[in-house]
Amino acid sequence: MYFYALIGVGLFSVGLYALINYAHLLRKILALNVMGSGIFLILIALAKRTGETQPDVVPHAMVITGIVVAVSATALALTLMLKLAAETGRAELSEKDRD
Amino acid sequence: METLTLLALSFDALLNLSLLYLAWILLNCEDLLKAIVLFVAFGLLMALAWVRLDAPDVALAEAAIGAGLTGALLLTALAKLRVIETNKGTTQQLKQDSENFQTLHYMTPLALLLVAIGLGYVVFSMPPISAGLSNDVATNMGNSGVSHSVTAVLLNFRGYDTLLEMFVLLVSLLGVWSFGSTTSQHETTPGPVLDTLTRRLVPVLILVAAYLLWVGAHAPGGAFQAGSVLAAAGVLLLLMGWRPGGYLSTLPFRLILVAGPGLFAITAALLYLLKGQLLAFPVEYAGIIIFALETTATLSIAVILAALFLSEPPHSDKEHI
Amino acid sequence: MTLIDYLSTILLIAGALFFLAGTLGLLRFPDIYTRLHALTKADNVGLGLIVIGLALQSESLASAGKLILIWLLVMFAGASVSNLIASGALQRGIRLWKR
Amino acid sequence: MQAIYFLLALFLLLNLIAGMWRVLRGPTAADRMLAAQLFGTTAVAILLIVAQATGDPALRDVALVFALLAAVTAVAFVRRAWPDEDPRHDTD
């Protein structure tokens, strides 16, 4: 099960890298979603440490809540991105806009 | 038994490595549309991972949201963005700017590697066997009013999580609405095939949502999964070109929108006044309370998610201020 | 293994072979119109064979019915979607492959 | 039977991952979407087989939701996000 948790760490790091590296906001939103999936994967993989019995269901419930919150946050972020693009013509945060 | 373990292990290894590879490619490819399609495929593989980790409830939520609604949301947003860029004539400029950002400070990968190693260390230093809260859940299941443990946790033991989540959904919809409407897209007529597909699929989606809500009391399923499937029916209708128009601002619609969070909050307040504890359901009524809460939550979640997809604030024809 | 087991094994393996054919078609066919065949024909037959193979093993008539229902839904959705993609591709002027 | 189920699930997963090449390669956006659609069908087959192997009927519900929601994404693509293709890259 550590395998899945480790991949969760990997997904989080890959997402964080893309979040920092790319200026395009849609890419940042995708990166945040991938980071979220990584965290969910760690939580669910660690919930299986109960031995032979059923996994711990409390993290399962938390992750279901998390998935729904993630989709609503994504919708809000996409609207923000579109508004920014409508104002500046670009869906990016760049140094030039900082005035 | 040996072969079985080996087969399961290679399944896991293959799934995990392709998840990581897919994440890397989707975040680093040039074409945004390709990135979104890859993200949909990524959600699909995540659902298989949840299945392998004995989390069918999470797999259901991921199948409905991660592989379904998020994909539709992202694709629609990308289409709107392209329209804005074409109108503003900024497509070319954007390309040049992205190239400027390709140059990366050499410290960043190093710092990220440290983050990854640190996280990996923390994961490995956790005790290998830990029951977590599973024993507490098992001993209290009899008092929860339902026989499925995930539903018991979501609606009873940690009901406040769900209560707050309903408000998060509502607030994010209000946030989207407060920005006003974005570019309206030119909608073509759907044509006979799409028309038939929608006419057949929407009733099936509604039926499956009702089934998931009902089955949630004793098996994987419940309000979130049912709400997302119901929202998918709404999204399909919106994609066909159906627009609720003035209906969005009518009282029944607004009531459905707040019914889930509202009923939850009222139940919490009443129980606090009567028993001194938030959301501590009396054992004999727990089943019926959970059923009522879940039904209204399903409707509210579905309408909120579909309205988030539409992302246009309601405007009544009467208001001219 | 009983006779039913043998029968469903044969059906399952035949289904998997159709999936293999579908994947090969997706990878090797020269244009979008030919690749659509992989989705609509090979994979739906493959899924059908797997569904029948599993339905033979299922514990009740209801669960066998559910399996068949899933297959019918996949076929219906797949057929409609590939029609939409093909007509969309024609409208956008994607050329047909010629030898 | 258990070994056969797991072997088939692994084989189908390999199929799915091989199909990923088409998503990466394209060449048109429709090819990518088509391949993603194919993933959906394969994932349904994997889920049904695993449901039988592990005796967990809930996984059939997951497959059902998959079958339904894959169509919604595809419709979103066809109705909204499909760009005008560049006719130079239309064959492989």
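When the chains are written out, they are named A, B, C and D in that same order, and each has its own residue count from 1.
In this section, contacts are C-beta pairs under 8 Å (C-beta built on N, C-alpha and C of every residue); 3 or more make two chains touch, one makes a residue touch a chain.
All figures in this text were calculated on a predicted structure; none of them were measured in a lab.
Asks: Going by the average position of its CA atoms, which chain sits the greatest distance from chain B?
Replies: C
Asks: Measuring centre to centre with CA averages, how many angstrom lie between chain A and chain D?
Replies: 22
Asks: Where the centres are mean C-alpha positions, what is the separation of chain C from chain D, in Å?
Replies: The mean C-alpha positions of chain C and chain D differ by 11 Å.
Asks: Calculate how many whole Å lie between the centre of chain A and the centre of chain C, each centre taken as the average of the chain's C-alpha atoms.
Replies: Centre-to-centre distance between chain A and chain C: 33 Å.
Asks: Approximately how many whole Å separate the CA-defined centres of chain B and chain D?
Replies: Here the centre of chain D sits 20 Å away from the centre of chain B.
Asks: Would you mind listing the residues of chain D that make contact with two or more other chains?
Replies: 33, 40, 57, 64, 68, 70-71, 75, 78
Asks: Check each residue of chain B and list the ones that touch at least two other chains.
Replies: 36, 69, 78, 194, 197, 201, 204 - these are the residues of chain B that touch more than one other chain.
Asks: Could you tell me which residues belong to chain C and also touch two or more other chains?
Replies: If we look for residues of chain C contacting two or more partner chains, we find 73, 77, 80-81, 84.
Asks: Using the touch rule from the top of the page, what pairs of chains touch, sorted by label?
Replies: Per the contact definition above, the touching pairs are A-B, B-C, B-D, C-D.
Asks: Can you list the residues on chain B that touch chain D in the complex?
Replies: Listed in rising order, the residues are 3-4, 7-8, 10-11, 14-15, 18, 22, 25, 33-34, 36-38, 40-41, 44, 47-48, 51, 56, 59-60, 63-64, 67-69, 71-72, 75-76, 78-79, 82, 185, 190, 194, 197-198, 201, 204-205, 208, 211-212, 215, 219-221, 225, 229, 232, 235-236, 239-240.
Asks: Which part of chain D faces chain B closely enough to touch in the complex?
Replies: Interface residues on the chain D side: 2-3, 6-7, 9-10, 13-14, 17, 20, 23-24, 26, 29, 32-33, 36, 39-40, 43, 46-47, 50, 56-59, 61-62, 64-66, 68-73, 75-81, 83.
Asks: Any idea which chain B residues touch chain C in the complex?
Replies: Touch residues, chain B against chain C: 191, 193-194, 196-197, 200-201, 204.
Asks: Name, in rising order, each residue of chain B that touches chain A in their complex.
Replies: My answer: residues 12-13, 16, 19-20, 23-24, 26-28, 32, 35-36, 39, 42, 46, 49-50, 52-55, 57-58, 61-62, 65-66, 69-70, 73-74, 77-78, 80-81, 84-85, 88-90, 93-94, 97-98, 100-101, 104, 108-109, 112-113, 115-116, 119-120, 123-124, 126-134, 137, 149-150, 153-154, 157-158, 161-162, 165, 168-169, 172-173, 175-176, 179, 182-183, 222, 224, 228, 301, 304-305, 308-309, 311.
Asks: Under the stated contact criterion, what part of chain C meets chain B in this complex?
Replies: Touching chain B: residues 73, 76-77, 80-81, 83-84, 87 of chain C.
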